[in-house]
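One chain, subunit A, appears in both complexes that follow, with subunit B as partner in the first and subunit C in the second.
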Partner chain A sequence: MSEALTIDRRVRRLPPGRVAIIAGAAIMAIVAAAAILAPLVAPHDPYAQSMLARFRPMSAEYWLGTDQFGRDTFSRILYGLQITLWTAFASTALAMLCGTSIGILSGYYGGRVDRWLSAANDLLMSFPQMVAGIIIVALLGPGITNLIIAIAITAFPAFYRMARSAALALRERDYIDACRVLGYSDMRIISRHLLPETLDDIIIVATLWLATAVRTESSLAFIGLGAPPPAATLGGLVREGFDNLLDYPGLAIWPSLAILVVMIGLNLMGDGLRDANDPRASA
Partner chain B sequence: MNRTGIYVLPLVAALGVSTAMPAFAQGVLKYGMASQDLGTMDPHRATSTPDKPISGWVFNGLVRFKPGSDDIGSLEPDLAESWESNDDGTEWTFKLRAGVTFHHGYGEVTAEDVVFSLNRSADPDTSAFSSDYAAIDKIEAIDPLTVKITLKQPIPSLLGLVANYHGGNIVSKKAAEERGADFATQPVGTGPFMVENYVPQERVTFVANPDYFRGTPKLDGIEYRYIPSDSARDLALRAGELDVSYGRQDQEWIDSVGRTDGLTVDIMRPAELQQFHLNTKSAPLDNIEVRRAVATALNRPEYIQFIGESLAQPAGSVIPAGNLGWDGSTPIYGEGDAEAARKMLADAGFADGISLKMVQTSLPNMLSVAQVAQAQLALAGIDLQLEVVDHQTFHAEIREDRSQVVYYSAARFPVADVFLTQFFHSASIVGTPTASINFSHCDVADDEIVRARSETDPEVQRQLWTSAQKKIIEHICAVPLYEQLIAYARRDNVEWGYDLQAGMHLGPIVTELTELR
Partner chain C sequence: MLRFAGQPLLTLIPTLLAVLTLAFVLVRIVPGDPALIILGDQATPEAIARFHERTGLDQPIWHQYFAFLSQLAQGDLGVSMISNRPVLSAVLEVLPYTLELSLAGVFVGVVLGVPLGVVAARSNGGPLDWIVRIFTLGGLSFPAFVSAVLMLLVFSVWLGWFPVISSGKPITDPWGRFMSLALPALNLGLVMMAYVARVTRGGMMNVLRSDYIRTARAKGVPARRIVWKHALRNVLLAVVTFTGLYFSVLIGNSVLTEIVFNRPGLGKLVIGALERRDYTLLQGLVVAYAVLVVLVNALTDLCYRFVDPRVKT
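Let's turn to the complex of A and B:
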């Protein structure tokens, strides 16, 4: 009976989650397509300067106008999406890979190493994300690779903690004991039984962290710690636009809107996935 | 009952005034600068644009540029009342003004302070301008108000070394010795304004020097605020939070501010020479054909288009056009011929292009010029990798020889010798004990630079300087891009108190006559 009740509730609660997932996925599909196809779609070379075409208004030739170097703003936003999304995906994937594997191992084996790792992880988590990002980029130096590493480090604790707590709970389950009794190797238990169980949760966390990674990248680029010029990144475009904010506000507003769209898309997807997967959310 | 009020009221008023003073007093000039922070207020070390204006408010020289002028003919008495030299110009005697006192109770200015200051400027450990003083043999205090300077050989302009500019600023001996490294944030001079307080990354506040020897300043003080973002400074100026603001150095900004009621743009000399220094000892730039390719790929006319003709003018040599001894007869590369540059690189064995490392300041004006160059060079297959750092770090790193290409914008005392010595004499090469700012490791014109320094026949001296410039240009130690005037904006109620045509401190000098109407 209680089973039926739960199912009934789930059915009633599913549509909002599903709408969010579909809307988010649609937004992200368009954005990602625009980013990937930028070399084909962009009307101009995003790096080509023209002293004769500085600060052009919106027109058929320059859809969103040009910046102080005469570069096409629309093309730069498309290429900016490319770098920003790539940075976000790569850093989240890196954090997911490292955080999940170390977290599962740490939780499964326990002991002194687990305590040390958890303490270190808590320490890392206690830093506000931007502060940690700033420190790491300052140490490593600017550049896209270093930016990816920095964002990955700031995202690492979330995955570590999630994977570790899942492993801690699962290792006490009877079927895991049964696996041990059957003489399965630890690697087999972890990869065949623990990992699949945690994967759903990890993917949801990853989606939400993608949005955070986009925000971190944009924030770091905005304060000048992003990819060095002439690279177009969304945060960098906003920063460049700020120099002419009073006279040509579009230069800062258009890339800001692009960031907003990406954030909305990723958050819709992440929240939708979480709601759909979390029975407590519908209780 | 009323009596309590009588006692309390002044107290409240006094408290209110003392806390509100810096923000609300009518007589405090709020001056916005494009920088994150102070570098130093030590005038013998202040080399960056944001640090220099301060020297002009806090310090005096033995002589000074007439306020608003950069003409060496305008030099007038400052701390010295009068001076004379022997016939060959190797012995100079200065008579000091009596009764001039240093700030904060550091006593009267004596010949000892002048001797100490000039020796300090000549010492590479305490001065960024020591190479300027190489010709000085000795500096003596003859009596408390007389200073005698003896030179090893005559030099083009001794007055330039004792003017209110760079190493010529006179500091208090007692204060400099007492305060040591803290002198950089607590300097003691004789000028119309004294440093009151420094809040890192925020502001320096100055109060009027009531004992200033030219008279008590009309202003109560100056608040020098660090606001790196151009837009934030503009907003603050328009909102009345600033009275004077360092401009964004381009035509768009000048036009935009010019259209605004209540605001005035001041455009002033000196024209700073904007130059790319190429490290001639670092591969692949050690190959002159590669340097030629870089110079050929740079498109010099585009910078003038980019900055706008109100501010930018063509550069004709490796020293600024206003300098005594300037010569613009040697042709300079830089017409932006990417194809020719590619071919030069291929001929030199770099058919796949080259990549060059450049440490670059995040100061928007300079960063955008570097980005224009980056795009021009990219067309020729030259990858200019910008490492963007804050302005103080930039100044430190380029002096440690960490940048293959250095973009430097500079004006100096307007005699060829100073610029040539600091940027192109081998003794000034960065990373050496006598280092100044020779970023290119250029050493091809040492002989001419040194001989011109002590040459007494003006015509021969001019020829030597011409020859030095020709050699430096042909060796491509540096590529002069353009020259740029300086733009500031002020609210209309700011009266400088003099005719502002130029400011050797790269900002309007604030004098005892400056006021807010």
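Let's turn to the complex of A and C:
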């Protein structure tokens, strides 16, 4: 709670970051509401096929037209948002949880295990993230859970590295020494003193990684490695539109714009938070 | 010169060995017998045994590992499980296309990104800074396949400036090759440009505050010369570092770009290998990517020494 307050105070001093945070949060609130309320808001069943209503143009009945199976594009985008946001959120949370805890423990205790973990982490970090994601999903098999695991694996190194370097720097501080002299347990030092100190940075990295997770999820879906059909995914919708690009470009344009809106919202929030936290890093 | 280049290359060996081991393990922890996946459930035991013998899967795992490494040391990546074709030649056949695309992407990204960043830093909070800010936010927000699809739609389908399918043109047709490269390279470059502009802007803001810039200003050096000559030289170090780090993202984006523009390349080969469950080809491709990343890192190190004469060790 106190962390949220310190961020808030810094925000107030820095109007540009604050504007970006508010704009990003507003965009994401609308997008998230649309996704969560999709069953109520969507004008049509996203899976209902109708051979009579194939490739309809935009109209009052089908706001963004229909696809090759007569399914309503607008409704499918809303349901696609659900999958995209859930996958991105769950995978980032998983990576944050594992990466941060292992990173802090690794940095706090040091030693041989830390050296091996860091080396392995550097290795994972150097391999092209998208290629790693493609290979992991393909090997694990299709499905949303596997997708979440694969994206979490590619996001893990960022959290690990940051938490580890923070713990490494903090454990040399005098007040941590004082805690040890007082006989506090390692668990107490880590959870009460190290973790809160790093929370600001972790939240910022998490917001920026949410955007990366959305990018990875939609890219994998575009390649055909996303949530299996008939589920509507934004990347999958762009793919279907891409296959009919010459005749019905709208089918590719609308879901593309939906992805863009989500990405811009998350990037605005992440950038704003980072600027507010560290004015020098503003770029 | 040899020691100059040799030292960083030497430190790469453990990294490379680890990646090779990872590639070996990755392909073998896949659940299920590749023979069953490739030959189908109806395969006779004799056919499966023959397949195991042909691919060396009947050997103990340590034998397989050392065979894999000793083959690699001789520049042999094995043969494809499906087509029986040497993996190395399959990789080398498409590698030029991926390299060409990546290099062109880096070129576009740096050539557009650096000036944008400099302009933004000089404007610092002014209208130009805000325009660049919004522009780069857009660049960061485009997944590579989204920008690729939209660019293909606008520039190839609607405006007709570029060919719709930019599949491999021979080198004997340089204009055709250039035209088929232009849009995919622009796609990679525009996304990278946003990052480069940010790095340049941040670096420039820092450098412009330093003492030697103040001295130059006091001496009466024209502002234009200070920014583009004195300051930029120092900023370029950050750009080189960034480009090296960004390369692995660029390679990932090139996979998507190759798919949308239907270009031959490593990315399309990976997708094909996964679809056909060709594990030896996949293993070879992981090795190829790892070698590429490791080489780029070494190259980045070398670049430092040319950009900044102070870097010696």
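Following the convention adopted for this analysis, the second predicted complex is superposed on the first by the 267 of 283 C-alpha atoms of A that agree within 3 Å, B and C clash if a C-alpha of one lies under 4 Å from a C-alpha of the other, contacts with A are read in each partner's own complex, and residues count from 1 in each chain.
We adopt the following convention: a contact is a pair of C-beta atoms (placed from the backbone, for glycine too) under 8 Å apart; a residue touches a chain by one contact, two chains touch by 3 or more.
Computed from a prediction, not measured in an experiment: that's the story for all the values here.
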Touched partner set for A:Tyr47, first subunit B, second subunit C, both or neither: first
Contacts of A:Leu199 with subunit B and subunit C, given as first, second, both or neither: neither
Which superposed partner A:Phe242 touches (first subunit B, second subunit C, both, neither): both
Contacts of A:Pro229 with subunit B and subunit C, given as first, second, both or neither: first
Contacts of A:Val113 with subunit B and subunit C, given as first, second, both or neither: neither
Which partner reaches more residues of subunit A (counting touched residues only), subunit B or subunit C: C
Partner chain in contact with A:Ala33 - subunit B first, subunit C second, else both or neither: neither
Subunit B versus subunit C as contact partner of A:Ile22, first or second or both or neither: neither
Doubly contacted residues of subunit A, that is, touched by subunit B and again by subunit C: 242, 245-246
Residues of subunit B defined as touching subunit A within the complex: 229-231, 234-235, 248, 250, 252, 256, 302, 305-306, 362, 364, 367-368, 370-372, 374-376, 378, 385-388
List of subunit A residues in touch with subunit C within their complex: 119, 123, 126-131, 134-135, 138-139, 211, 214-215, 218-219, 222-223, 235, 238, 241-242, 245-246, 249, 252-253, 256, 259-260, 263-264, 267-268, 271, 280-283
Subunit B-touching residues of subunit A, taken from the complex the two chains share: 47-49, 51-52, 54-55, 68-69, 141-142, 224, 228-230, 242-247
Residue numbers on subunit C that touch subunit A, as the complex places them: 15, 18-19, 22, 26, 29-30, 137-138, 140-146, 149-150, 152-153, 157, 198-199, 201-202, 206, 248-249, 251-253, 255-256, 259-260, 267, 270-271, 274, 282, 286, 289-290, 293-294, 297
